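Structure in structure tokens, see below.
Residue numbering begins at 1 within each chain, and the chains themselves are lettered A, B, C, D and E in the order written.
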């Protein structure tokens, strides 16, 4: 069974009662009241019951049952259906959850899927602020949105730390297959989180301009604030993506430059070592008549020539910067 | 002859009769009735006859005869002409078909081309749902659209499996020509399916806002739902495209890095092996006066020097990470 | 002198008379008549005369004299001035021509420049269709547009054949300079044809929505049809461009991979061949005291060691996949 | 002191008087008159005086004093302030100048900075055309704009010639550092001229739709004509940029392919030459018991083996396409 | 405690009094007066007090306390909240500060964070210009904006100098790891400053069209002027980014070309040096019957052959351009 995290009725910004799911409608219809119901991975029957009570649209219900939606805002008459994706960092990977929120006159229903943080903290915090909670449903929606967006920041910061570390490694030392695999993985991770954050920004922007019966225009600056926050996160992600791409390109150029250095160094040493081999080869020939071989100091002269030539080449290559 | 898959009249959400093509118009004009005709690769005469009965626009008929259209929505007065491309996976390739749908007051005509799945399943499913089928033509259009879009998902998932496998191979081992050819083929496939899905998303979006006589605004959220679904597929494809591109780039960097490693390793061994050759070459010279040659342990000393030098070089290169 | 291809007056969809250019205005003003004048590379005097008769705008006349315009649609009051670029394939290259069309109440004047096909076929075809030609000037404009756009298809298909052939070559064998030059040339050709087709799509789209006195709204779906056709051509070109780019990238990766393979193979053989050289070098030294040299089977033992070592290395490299 | 190129009053399309700057306002206010003042690098005092006479906005004056503006169109009430950048080719580089034009009821003031061509030619040409000059200020603005845009064409054509030459070189021969430097310089030049032309296109497009008191709608097609011209120049530049980028990529692929060819050729020759060295090394060993050495024709047999082996390798590599 | 830089009341463009923060509201409400308060890194209490006095929105206050905002313009009723990022150059890096400006009827409050320049210079300059300062709050906002944007120019110019220097180095000599690291750092720096300047351009553009109670339309051209200025800076940055990217690509191509040159040179020398080694090896064999060895001038003939062969190869490679 889906866990009903909480089903609470509020009046004038203050918590007045917890109730069973089946009483939701009646509480939400009392004048000046609204209900906030939180469920975690609900059963189909529960959702269908709520749909019946609050007149939720069957398509929204189907989405809420299936999860794997993109962040989006849908309006059904005066009611809103919001899909959000939550992110948090577990060890070296990012885990994503999903939250579906139904908002209408007198009710907020939040449905969580997967490994997202509970919204009990959000509830506590908003209950501490009766003057704002008085606004009702829209303020609850804002609070959840703000909480979800706030949780993106530590995720992006963790990725940034890794990106910076990779950038340092790439610039300082020859790349190993592991390094490249790690950069590739970071790139993928940034892609995934960007695909979560970008449509969320869109949702916030739409909420900023939504003129629905359940959104008081006074709350618009709050949605603008969240929109601004998520835009900041999104900018951050874009910057990191650009850095990773640049790092890749720098890596390619560095490998190419290193290759050139090794190649030049190798060519220089090959030339230096080819000298004694070639000269020694000549004086290793077995001709009867090779007068140099008979000279008393021929050997030393040849050694001298070899050393001299090698030395000259060494100096030449050093000056060219090949060694 | 084109196969008439089915020609059925509906009243109040219930199937009332099958009829011959030539009676289509009369059935569609009975009050509260509408007809749904499905044809597979029709003959020109059949289509022209339907065009005459239902007043279909000659340009739409010409499109329906030729196939090879882009997905599009065209409005001719109150009538709609929708072109869709269907996709399904056969072994390791994706096959594409085409469906043309004429929708007007009282009729839905679907014309299939090429290897697409039959819509008899769609018909069955919608007939099971008389409360919705009551809506009429627009709901049938929605059902077909939903079916076509649903069929994109397994295709994209099959491609994703291959992409993930390629990604793993690229990161783990030197690239062979076959690998590169396969990535290239995946890239092409993603390009083709993207060119199918993107305009479909456009069609769905337009339907969401179409105010035609034969589209009841109550059905708009259903089209929005399909639009959302196709957007999700399209996002998935874009993500895969990005991954393939990144994989390509990672492959390039890895090859470059591997090249550097082989080069360094080769240079190191060449240096180590050049030593005995050069030294042995010198003591292979035939000078009369080479005192070292006469030393009783000269040979062993030289062997020692060679082994020592090689050992030293080995240690040096090891420390540099060249070996 | 510019060749007057034809100057014909139509009434009620039927050809009523050929006339001399100077009588154009009088024919066009007869009630229910319109004239269609076709000229190939006209003299300035002829154009100026027509401008005077039909009140064509001096800027349009200047454009029509100079050619080398971009495809565009310009409206001067109720009159339209359309510039199109035509393409056809001559051997392995694409040739481009230009057509300027003046359309106003009672007249269509088409001016061809360069190696474009004559529009006599268009005239014949439209004259066969009096029920449509009855529409008048706008239908003639549509027919020319349709003809021009139809001619893009074989050009793009010829390029596609070459692209596919290049793709195959790139994937199957090391790249030669000629291959790369050919891909580069294909890329350039696609760029040029794209720069022709893209603004044409713009022109068609504008015509679809033009509300000029000489465009009957009934003809709008026809322009939409051409717009759709040109969009398909343009999509095809974009797909080919993408394929060429991907082929380039695949080529780069393949060359890199081939380089690695050659490098590894070379390194392996160099190592195998360096063995006998190094060992033989040592036993070629002339030390007095080298006991191995005196062993009766020393030579065979050394040969054995060499063969053994080479064999071992061969097996090792084989297992690594270097050979 | 800034050179007053000319200060002329016009009435009904005809030049009626030259005057001193201080009389500008009085001439411009005579009914049916307008003045056209041309200045080259004016002193601040002169400009401030004109600003006082004609009521020019202080911000426009400040811009006109400083130069280094982007091409732009600014409207101050009914008055316009236009900034243009002029380009002309000097040897192998492009020089840029700047022109600021103030247009209002009764006056056109053009202020030139830097090495731009004088507008005396424009003045002559427009004075030859009294029927158009009758239009007044807007036609003068059009004439200057047309002149500036006309001057872009030879610059772009000169760059095109160089790009084509570079393209040919890149495809035909290994790249030298000088080649690459030149391509890089061309790329930079194209970037700079594009940054000049693109905002100019924007200016022309705005003028086409400007509804200011001093722009007669009859002149709009003329501005559209210039806009079209500048769009053509801008398309040309974009095409060249694309070609340079493709040339770069072709160059990279060609270098890679050439590297592979050299590498294969080198490997093949190294293998062929390693044979005699290895075999000769073996028969250069000093073992007492090497029966082959004693064979009367051993030497010739070994020579034969060497030649045979080298020949076989040569044939093998030839067949592989390595040589 | 946050440093109150200045709190001054103005009447009719003239400074009338400095005052304590707590008196701000009363001064701002005097008819024809407005106050300009400047604070550096304020305490929360101070800001909350000002918020209470002037009715600043709590979300704006929260932003002003946290810093790390993107440049943005927010309107709360008639009041504006502007966030700007300041930049200045310290040695080889760019430091960024943040300024938050609250503007409403009767007040301007500027809050600086981090290492930005003080606005006392702005205050002095505006106070020198009573005729403009008369405009009131909007002119102060313009002055601060203008000052912030002016300060971007030297930063971008410093980066340009470095970019130009890097470009020169890349084109002239083989790349070192340090060079690549520096280019990478420049790229990053350009990315960061661009992310500062681009949203600032957005802010200026919005201000140009803001119709708030506290922005007199007469001041709009001034905001347009700043917008134009920031657009120029932004264009400059984009140009530099493009140059850095092109430099990267040129570097890659140059490294590839250099690699080819070294490879060809190396191959040529290896071939030249392999000759004497191979030939000498053959005549170093110990066959009994090698007639050449007995020829009196055999040695000299072989030396001649070697020299001739090497010479021929040298000439050949020279002609190919390998040496």
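Keep in mind that, in the parts below, contacts are C-beta pairs under 8 Å (C-beta built on N, C-alpha and C of every residue); 3 or more make two chains touch, one makes a residue touch a chain.
Protein identities per chain, from UniProt: A, B, C, D, E = Magnesium transport protein CorA.
The model shown is predicted, which means the values in this text are computed figures rather than measured ones.
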item: Co-neighbours of chain E and chain D - touch as defined; value: none
item: Reaching chain E from chain C through chains that touch each other, fewest steps; value: 2
item: Distance from the mean Cα position of chain D to that of chain A, given in whole angstrom; value: 40
item: Inter-chain centre distance, chain A versus chain B - centres from mean C-alpha coordinates, in Å; value: 25
item: Residues of chain A whose C-beta touches two or more other chains; value: 252, 256, 258-259, 263, 270, 277, 281, 284-286, 290
item: Interfacial residue positions of chain D with respect to chain E in the complex; value: 57, 59, 63, 68-70, 72, 74, 76, 174-177, 180-181, 183-184, 187-188, 191-192, 195, 248, 251-252, 255-256, 258-259, 262-263, 265-266, 269-270, 273, 276-277, 280-281, 283-286, 290, 292-299, 302-303, 306
item: Chain B - residues contacting chain A, complex; value: 167, 171, 221-222, 224-225, 228, 231-232, 235, 239, 242-243, 246-247, 249-250, 252-254, 256-261, 263-264, 267, 270-271, 274, 277-278, 281-282, 284-290, 321
